Amino acid sequence: MTRTLAILLRNPLSALGVLLITLVVLAAVFADVIAPFPDHRGAVVDFANFNKAPGWPYLFGTDLVGRDLFSRILYAYRISLFLGVVVLAVAVPVGVTIGLAAGYLGGWTESILMRVTDVFLSIPPLVLAMSIMGLLEPTLFNGMLAVTAMWWPWYTRLVYNLARGEREEGYVLAAEVIGSSRLHIMFREILPNCVPAILTKMTLDLGFVILIASSLSFLGLGVQPPTPDLGSMVAEGAKYLPDSWWLTVFPGLAILVAVFGFNLLGDALREILGVDE
Amino acid sequence: MSSVTRLILKRLGISLIVLIGVSMLIFTIARIIPGDPARIALGPSASPEQVEVLREKLHLNEPLPLQYGYFLADLARGDLGVSLYTNRPVTADIAQFLPATLELVLLAGTMMILIGLPLGILSARYRNSWIDGTVRVISILGVSAPSFVWAVILMLLFAYFLPLFPVAGRISDSYAIPSVTGFLLVDTLAAGNIAAFANALSHLVLPAFALALSGIGQAARLTRANMVETYGRPYIEMARSYGFPERKIARRYAFRPSLIPSLTIIGLDFAAMLGNAFLVEAVFAWPGLSRYGVAVILRKDLNAIVGTVLVISAMFLIVNIIVDILIAIINPRIRLSQRST
Amino acid sequence: MKKPSIFLAAALLAATALSPLHPLEAAAESVLRLDEVAVGEMDPGKASDYADSILMFNVYDTLVLPIQGGPGYAPHLAESWEMDGTDFVFKLRSDVSFQSGNPLTAEDVVFSFERMNALGQGLSFLFEKVESAEAVDTHTVRFKLTETYSPFIASLVRLPIVDKKLVMENLGDGEGEMKDWGQAFLSSNSAGTGAYSVSAHNPQDETVMQKNADYFLGVPDAAPDTVRLRYGLEAATVRTLIAQGKHDISSQWLPPEVMKALAADGAQLFTETGGGGFYIKMNTAKAPLDDANCRLALAKAYDYATGLAMVSISDGVAQGSPSTGGVPVGMYGSNPVDRKLERDVDAARQYLADCKYDPSEFTLQVSWIGEVAIEERFALLMQANFAEIGIKSEIRKIPWALFTEQVTNPETTPHISQIFANAVTGDPDTLLYPMYHSSVRGTWQSPEYLDDEQVDAALDKGRKAATPEEREVAYSQLNDRLMQIAPTIYAYDRQSVFVASDRVKAPALQDPAKAFGLDGMGFSFRLMEMTGQ
Amino acid sequence: MSEPTLLIRDLHLSFRTYTGIIDVLHGISLHIAKGERVALVGESGSGKSVTARLIIGLLQMARGTRVDGLLQFEGRDLEKLSQSERHALRGTRMSMIFQDPTSSLNPVYTVGAQFHEVLRRSAPGIGKTQAMERATALLDEVLIPDPARVLASYPFQLSGGMNQRVMIAMALANEPSLLIADEPGTALDVTVQAQTLKLMRDVVTRHGTSVLFISHNLGVVREFADRVYVIYKGRLVEQARTDDLFDNPQHPYTQALMRAIPRITGGGIPDIEEASERFHEPLIVHESCGEPGGAR
């Protein structure tokens, strides 16, 4: 772990990734302390200071009801990260289990599971999430549900391909010969060999979940106001371009910074752990 | 039967099964949601009697599997119902809006390939140099922002502050181009109107580029990774030992074999653009199927949602089939294995 | 691999360089470009929205028109009319032809009414009191009402006359003698007598209209030859297009900040007063708002002044003026201009104390219509205002189509809905009756679910009263009752504001003496003048 | 004595890395006479493969490489040649065979197409028909049964032994004067390897091609080479005619290698148990095979 970190910090790009992620996570965790206007995350209106350009004390300017954009972005990170973690916490175990089962057990199990997975993979990811979000109520919970629904098949596919390869490996055959249970072989023998690939994908995906979630809220299918959300901030601000550019540019950059960080980190991990694309 | 034909038929068969699965999935989601489709369809001032009549007509009082049966029967006749958003048959809407989206996605896909692949090749050939570093940062940046952020940024820079490109639409009002294919680039050329073609192209540039950016990044990244791996292969060294020119080695020895793994992912990216088009069309007021999709999703226009998702999924599958065929053409191993089975 | 990409880049550059950013307009052809948020409904029998109205008023004609700059109605397709209690007999002009060339006859009027009635959509409810319509002769038509209904003449501005012959030739699939009543045909074709005909209709993009040279009143040369009504443009897009001289009139839904920015760049501001307001409607069928004291508390807690400040555009021009009560200023029964509604937090607390519900035990759902950006800000304003007296609330964005579905059930209707409404015919009855009469609860206009005998009585009286004086009394009583039971927060009296380029003049939207006092009518393109570049 | 095909004098090689300079070759000198088959033997990492790649000129392309000393090919100083002159020699006057035949052939082109490219190195304008004729003849020579089928095949459709023969034929296609064989056939099984080597020996003898044979396997070397250089950690330690070396190994390292023979018949990596200080003793040159001009 320490060694991995040391390697990460040696390369300037991955060090940048570590730095950005640290900043984003700190911003989210300590938003209450850092934010100059913590109450602006909610339903506060201050029409005396609305639509102010970046300056002091409003670093990134204010929105159309006078809330500090900088504070709101910090809180939006909190929601984004929370959403990312929850989505992966649900999608990864589901996807991995199905992938392991399909890849290791083979036969009919494999055919049925992988066809179902194919169905999910055949709807462009955003479209699937949009349909679910559009048809249900746009709430944070449904948002997580929708993104999770589109996410697990990718883990199924990843683990399926790995497990299918491992199925023929000596250590699996050996375990079968000594009569280990299928569950034991799947989770104790094959799974550990897939961990580096899963871990790398998860790092990259944390970024992409944030990206997709922001896309959903950009289309008006995400978290509802007054909860701060990067995607809806961009969508809302885009109406006031080019005059009030800060309303769009800062939340947009905030998405970019977080996703960029996770990508740099994921890329570096991929190289260190020797995972194929 | 040639091996490629066999492959196409096999993939078409699988795709059909998958498409039926997609239709079941989306149909079920559309039917189990809260809200009465008949009430939504009839609008604010309809009477309960009118709603009941429509419910009967739409078979909404039947059990779900039976409803699905009716849906399939209608679908077989090319009838997807009427959209309440436009008050027109969904098939007519799709026929009208699909070309605009395809035109956008095809140009974006072309950009992805024509910009992404060369960047990746460049990066791999000069790996660990500053060129490589720059390309890597650019490509990671490309995938790190959703296309709507790129759309907004590009629009801000190149349509507002530096008004080089138009901000919205497919073509300026002053051109009256008869619609033949629905693809403006084709129609303008067919009409022999070069100025209109240029105008339509200038409308396409920003949205297509915004849509392509993440694909470009992804393509460059993958091409680089796969080429770096290929460059480590013995046959590259062998080719060098024969003194083949580096350009030829890059093209025939490093690029083409490394294209095989890249192509699968590029195909997925290309297909993902169909989804991301939702974001870009919204920003650039692009009258395409994706913008229609957003509008109908926001309005709970069930027929239109089901129709749009089905068509986009079908496109997605078609793209994947095309990619599979391309891979088979490039990779003799797959082509030949098809022959033997 | 490198060569083609360089080639492509070069081709793109070349293409861009070739493409004229300001394509030369053919000098003879004048084009008016405007936009609306929602897609215009082309079927005149279903028209209800602003965009629908614009299409309807230009493609179709009605028997009467509001008098410009004054009260009352003037003959239009009808030369004259006579009324006798519940009987109305109209004499039609004999010189009118449809765009198809078919002459206008009494049959067309009867058909148009029956069609609207049969479809039961749009504003058909305006004609519920009509028992029958019959063609007395080629140019005479008689309407029989079931009871006295004084706003009937006013309602006729919402009865577009359709070309029966053309529609009958184009009936689509359907059951019964009239099959689909030509719905399929009329959803993308025009069949009117109007000054403009539709030449192209793309529901996602625009509707294109051309001047009708044979219009029975003639169309002045200065009026635009072609009109492009664009749909669903982003505010930022409209802002840029107008600034670049590629767009002429914005929709009224452009956010005030954007209007401000454009006005500062020298754009014109058009206004239209349609007799209506911005209403914050409370669901009186759902706890805690079934208690009038709770509603009164909210009505007192709401910050009227800030709300108005949000919609002010420049000195003297705002999207609203202070509200004085339940009836917009200028209509029968309205309160004087100086009795502005104002915020009173102490009074609000007092009312809340009298309310039978404890504010700590409920959370209000404050909804806003997704298509109308400004409503989000009002939602936030309310949330902040209500929080001050200790009421929690959550904000919910609801797309229009979903909203109209949700309000059909009091349980799914949000506590608070925000509605822009106006008298669709200019008569107070068409504004207030659909909002408050207990017989029509649960539409987008009546999410209050109000069921109040006094209100019903006053509304019925206003409808039947024959003289203006009697109507004044009836609506005045209604106004007082509404202020007592507060089903609605009357945020402001509305005025629609549009940003326009300097290429266009629209007297009906610029000069109060020429205004119609009816939403959408100001967009009669034949009355507009294109002033060149 | 005529000009040797290859003459190396005091060749030094070092790599510059982030952590400093790594010396790989500490001044080696060797030569190959016309038509002579010379082996360079050592364990992996001893510097034998880099020597091969220096001769063919592949290593010079890598960044951070420093080369010193004389590399002379057919009387011409390679380091003094221009890039393009040097480039022109590759694949025409000198060619190379690699360890794993199957992965050294391009997987996405047929054998025939690859032959065509190789033949174009010496005859740029050669047409397809002509190239296939020539390739068929070459494949005949390496005793490939159905040359037409092989030419139409992709490498993954052929056996390893077959691919090895294809590579040999390809390497000799342009009649090079020097063939560098880097551990040829190590990836193949022992019988096939032996057959291929015998075949290679016959063919190069017929063509009079000089061969630098790089191997860690003394057993294989004995069958193939006229003369042997033993290399240890970037230094030559012993040089002798093949028979002399096997009859009378003198350097402690060579002796250790010899003892390892029985264990390496399977083609495995020689497993020399303990590195001895004595392995660093200076070069021993057997009689009658000194370097031209007496260099050490």
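For reference, chains read A, B, C and D in written order, and residue numbers begin at 1 within each chain.
The rule is short, and it goes like this: a residue touches a chain if its C-beta (ideal position, glycine included) is under 8 Å from a C-beta of that chain, and two chains touch if they have at least 3 such contacts.
All figures in this text were calculated on a predicted structure; none of them were measured in a lab.
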Grouping of chains that still touch (sans subunit B): A, C | D
Shortest chain-hopping distance from subunit C out to subunit D: 2
Chain occupying the most central position, where position means C-alpha average: B
Maximum centroid distance from subunit A, chain identifier (CA atoms): D
Interface with more contacting C-beta pairs, comparing B-C to B-D: B-C
Chain centre separation (subunit B, subunit C; CA means) in Å: 38
Mean-CA-position distance for subunit D and subunit B (Å): 52
Centre distance in Å when subunit A and subunit B are each reduced to the mean of their C-alpha atoms: 22
Subunit C residues counted as touching two or more neighbouring chains: 234, 236, 240, 370, 399
Two or more partner chains touched - positions in subunit B: 155, 160, 282-283, 298, 300
Shared interface positions of subunit D, touching two or more other chains: none
Those chain pairs that satisfy the touch definition: A-B, A-C, B-C, B-D
Contact set on subunit B toward subunit A in their complex: 14-15, 17-19, 21-22, 25-26, 29-30, 33, 133, 136-137, 140-141, 143-149, 152-153, 155-156, 160-161, 222, 225-226, 261, 265, 271-272, 274-276, 278-279, 282-283, 293-294, 297-298, 300, 305, 309, 312-313, 316-317, 320
In the complex, subunit B residues that touch subunit D: 233-235, 237-244, 252-253, 256-257, 260, 330-333, 336
Contact footprint of subunit C on subunit A as seen in their complex: 43-45, 47, 51, 64-65, 138, 220, 224-226, 236, 238-244
Footprint of subunit B on subunit C - complex, ascending: 1-2, 4-5, 8, 12, 15-16, 18-21, 23-26, 31, 33, 39, 41, 43, 46, 48, 120-125, 183, 187-188, 202-205, 228, 232-234, 236-237, 240-241, 244, 370, 399-402, 404-408, 443-445
List of subunit C residues in touch with subunit A within their complex: 234-236, 239-240, 255, 257-258, 261, 306, 309-310, 370, 373, 376-377, 379-381, 383-384, 387, 393-397, 399
